[in-house]
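Shared between the two complexes below is chain A, which has chain B as its partner in the first and chain C in the second.
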Partner chain A sequence: MSARIFTRTNPSALKQCLARTGTNSTLARSTRAATAAPCASLFTFRSPLEAPTGKLYEGHIPISPLQRTILAVGSAFTALANPLRGDMVAALGETTSGIFLNRIRDQMLQDPEGRRILRERPVITSETMQLDTLRQLPDGTFGREYVRFLDDQQVSPDTREPVHFVDSEELAYVMQRYRETHDFYHTLTGLPVTVDGEIALKWFEMAQTGLPMTMLSSFFGPLRLSSEERKRLFNVYVPWALENGSTSKLLMNVRWEEWMEKPVEEVQRELGVRPCPQV
Partner chain B sequence: MASRTALQQLSRRAATLVNVASPSRTAGFSTLTKVLHQHNAANNSNNSSSSSSSSSQPETHFGFQNVPESMKEALVKQVFANVATKYDIMNDVMSGGVHRLWKDHFMRTLAPTPGTKLLDVAGGTGDIAMRFLDYCKETHGDNTAQVTVFDINPNMLEVGKERFTKTPYHNTSQVSFMEGNAENLEHIPDNSMDAYTIAFGIRNCTHVDRVLKEAYRVLKPGGRFMCLEFSKVENPVISKVYDVFSFDVIPTMGQIVANDRDSYQYLVESIRKFPPQKEFAKMIKDAGFTVMGQGYEDLTFGVAAIHSGFKL
Partner chain C sequence: MSSLLARAARTGIRSPLSSRLHQPMAAIRFQSTEAKAAATTEEYDVVIVGGGIAGSALACALASNKASSTLKIALIEAFDLSNHIKWSPRPDQYSNRVSSLTPKSVAFLKKIGVWSELDESRVAACEGMQVWDGVSGARITFDAANVDGVQSSFLHQVFSGNVPNPSGVNNTTQETLGNSKEASPLAWMTENLHVQYGLQKQLVGHQARGVKLDVFEKTKVQGITTEQGEAAQLPQGDWPSVRLDNGKTLVTRLLVGADGVNSPVRSFAKIESLGWDYSQFGLVATLQIDPSTSTAPGQGKGIAWQRFLPTGPVAMLPLNNGYASLVWSTTPQIAQDLKKLPARDFCALVNAAFSASPAELEYLYKSIGPDGQPLIDFQKEIEWRTSVHDQEASQTMVRGNSFQGEAKPPRVVDVQENTRAPFPLRMRNSSSYVEDRVVLVGDAAHTVHPLAGQGLNQGLADVECLARVVETSLLSGSDIGNIHSLTPYSSERFLPNLAMLGTVDKLSKLYNTDFGPVVWARSLGLTAVDKMGPIKNEIMRFAMGLEESPNRP
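Let's turn to the complex of A and B:
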């Protein structure tokens, strides 16, 4: 363990190390094992100018820690100034996710449904969700309300930006799943897709996941609101979000695809979420 | 030839991909890599299916990758179609505004006299052309200088025309726009131009020697060829800082400002692939130009360089 902390993932340093100590030493063996790992560990020293891994999955863009910092800062300002830049919002989330995605993944591993999701890796697109079938469901069911929400807002599950900057294949899936299930959170909580509704949902997600991206949106997002919207946000939505977000089941563990035919109230009851007060 | 039809399909598909991109999710990243991946996939399938040896298409560099020569033009066209609307902002971001100083110095070095006819190749958004006309007006009080802004990319020319509408030169005979390939200036007669400039364009051309030969052809005897281009930094400390800035900061800024990492990655890689100062000066001499002294002047430690030659 101690050897791993001082290991450099720089391959030329590895070669020098092997040449100096001989291939049989335990240091060299653990070094080789560490560099053979496919995902970047946060606990090895990395040069700020080199990308820590090669390309690990479709759409992966390996970036160096320096690039990551610049991108995090730049995307934060760009996303605040122009929230319609979905790619910048996504980049901010990915560059700041760091160790928090690990925690979400670990929490998923502790729940049987979450484990199933990580194993089967379902993807949410308009084909896999079979939107036409969902439209046939009776009113009041989760699936019917979900499609009604999509049609009203004129969005589809296909417009999400893919994950680019997470240096692990599994964590990239966790991030992708987090993004794709966002629309279900709207249906579940009853929050509208207005700016204050989205911010309230970010407070809810912050209580659930603790991602820095949700914290940034929660604290800086309200700067863009009018004072009346802010008052409503902090008097009504935020207390509701914090209470329900922390007591409900972790929504990352929910296999939404299997809850489509249940009535919305039953889903809310089973997950421990009270509907948001409509103001 | 199979590869030529494949190229045509790819460039046609690239063109349609650019057109259908929605404004909020600009196409740059996905289409450029899509075109390149499709090309690589087609290449791999061709190579595995056919039993003969490697394709007979000569290859050239596109950034750090190798592509068939015939494909480079389509790819460069794609890059500049993507960056056209954000070109000027990104120039300021990437150089910290220093590119303006370079271009000002470039125009003062050219020092045009009244009535000069300038061909500004790869003139795109019109930075050099505007400085040329302003110089003649302010230094000589002259309104007879003429510039033809010449570019291979219609999107860049559109941006240039848009910028010129806000100047007093709009709708005068002082500025005209022409679309075409610098390697083949067929509509420009021999010995017709007093000066030829190409700023930050020649490294994107597939055949630099042909561009130089055409430049020589269209210039009048006594005419001057001037090229402003990124070049090699000799100082090792500054070179290292420049490398970090080029490969880490610039593509990230391209992503933040223009949502297009790949185009700016190509741009910084193409700088590394261009011949250094002395070699390019030799190429200019080989094309027939007479150079004074070394033939070039370094700007900002060699980040950029002005090469110059006369047709005598």
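Let's turn to the complex of A and C:
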């Protein structure tokens, strides 16, 4: 079972889904003209039928609050029924991420490294990461282990689902960065790419950011586990995640690209993360 | 017999008989003390301790009033008051202590002849007010043009009781506002020193026309006592006597405490002061603003800006000639850091305080070194964040409508040297404003958070009321120092002051958090009120002092 599902997909499925929920509806547009004048400044009560913004970035799909609700509910059910629908998982994350992303961005703004990331907006692709160079690194370095992980899972950094539904250019980048750095978390923690491993990572993030959004998957994810997996999750992974998540440096503020040549142990030490117990 | 009388005197019972019987004793006492004390003891009708705005305004009000101008009045001030008369400011310099005077306060200052002494070019009319939530961006806009004329209304009934036919000051208020269609400004901004200048000018004028008004400046009060035991039965026996450091002792029928938060008069009267310290400091400063970014609607008429941050509200009040006054309430640590910051970085930070998100500000506060030097390039960091915000705002469509309508505060370009000063913020209310022969006004009676700019206005309202109460007692022939004569003052001022203190305190607490549900609820409330004209109108009138109609006897 692959955890790539969390974010890797084909975009066409999304488009279909959106067509169903009525994106680009002419209704929304015609209402905008009529309602904008009295409602515009009353943003707390803005019309649920109009998209609040225009297209803000490449890949952005502006949707109205009503569409957002339908998409969130629909994607939640689809994702629960079939976790392999990565597009739905991604859509669920984006449609429910408002406060989450804002808080992550605020936490990044508190940290010099986080600010540097927001300012320079580094992107992680196979090109920028120069995977072939990383393969030449000695065993035990962070870069070498990272590539080994990618090769084992037969994935590349390029297969991430782009961000569509976040109505802010900067927050869309935060979301994108959050997805792009996910593989580093596995290398850092040694958590396996299994459903319980992914859920353990969510617990880790919850302890780290203190944000309720990550709780959702922390609490509902285990519903799909076998009893043995659940036992491993709650006896081994969760205690580890809570302890390490609350003491380590905020991983969104780490410029992973610059840590490739360091040994994994040193990276773990500097970030304050003990490797996860192997079962 | 005499022991019985002594007991009667102790318990406060007085009969004509007892005072007659003791007349000879009084004479003896005077003879015995005259030799050493007569030259230094003087009797007054009113002794005002504290020559600040409240104290001086009271002296002025009493002296300008026909009935009370016959009183013998003393005004005691520890600092040099004559300096205020020599006050001759440069047009490009403003003192950092600026107050907003409500139409009610201005009407009172006009009535006592102070307003006409002021230099118009140093009084800035505030035509509008923009108040917004730094966490959510919810905003409320006040515009002087929307305030109705003076009439009885809802809040007025809640806070002052229904008075059908207001007269006196409110008539003057009406005149001030001009019964014409033209709207009055919401408030007038001017330096406290400027008001003091006007007051001292008037006081000198009153002295010149023969009012028995003695000003003891550069004089400290060493102690306040009342006669005890036998002596207390004398005609002036229960009068407070104020011992000054110049050797004089003033015995007074009525002692007025206008001596600030730590009022010695209040301690003497054993009146408790209740309240708490906010864990906040206010930082004041005089700012120079970029005139091209100023959104003043008319000539010399400005807008007051206030943004609520989780650390406290930051406000910019308009002055003339491209200047503005800053009041930034924040944590004690940040206030100290802001004071030490180089001017260039301070200005950048003030600009950020009116635009950046609380998280961004937090980072900037943290980046001030222990020596007050910034650890990062403030301007570069702030410019970057501003460009991110601007870019997003420019592409936001529906919200754009409201964003375009939202005026931005003017850009700060410089801060006047040596005007940055932090002071602690407190809330206090005295358990009572009057005691027999003692009365408290202004800060001595109550202290309020500066976020609504009401402290001085409350003090002036106290003074206006007290002067009126004293006049009433004089006209009815009662003793002005008697607690029964003073009670109307207390009953008229206590509740409105308490209501204002409570409102301001709740506001400060409501906005002192970034907790999600609270932010959501308060933003919803603020936006709703902003849309409800009549309610907003009531709030404005409350803040402008148009709501309080004094209960006249």
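We take it that the second predicted complex is superposed on the first by the 230 of 279 C-alpha atoms of A that agree within 3 Å, B and C clash if a C-alpha of one lies under 4 Å from a C-alpha of the other, contacts with A are read in each partner's own complex, and residues count from 1 in each chain.
In this text, a contact is a pair of C-beta atoms (placed from the backbone, for glycine too) under 8 Å apart; a residue touches a chain by one contact, two chains touch by 3 or more.
In this text, all values refer to a predicted model and were calculated from it rather than measured experimentally.
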item	value
First (chain B), second (chain C), both or neither touched by A:99	second
Chain B versus chain C as contact partner of A:188, first or second or both or neither	neither
Touched chain A residues, chain B compared with chain C	C
First, second, both or neither for A:110, with chain B first and chain C second	second
Partner chain(s) touched by A:169 [first = chain B, second = chain C, both, neither]	second
Which of chain B and chain C A:56 touches, first, second, both or neither	second
Chain B and chain C footprints on chain A, overlapping residues	none
Complex interface listing, chain A residues touching chain B	49, 61, 63-64, 66-67, 70-71, 74-75, 78, 84-88, 91, 161
Chain A-touching residues of chain C, taken from the complex the two chains share	138, 357-360, 362-363, 366, 376, 381, 384, 388, 391-392, 395-399, 401-402, 405, 516, 523-524, 527, 531
Complex contacts: residues of chain B adjacent to chain A	24-25, 244, 248-249, 251-253, 255-256, 259, 261
Contact set on chain A toward chain C in their complex	32, 36-37, 40-44, 46-47, 50-56, 99, 105-107, 109-112, 115, 119, 168-170
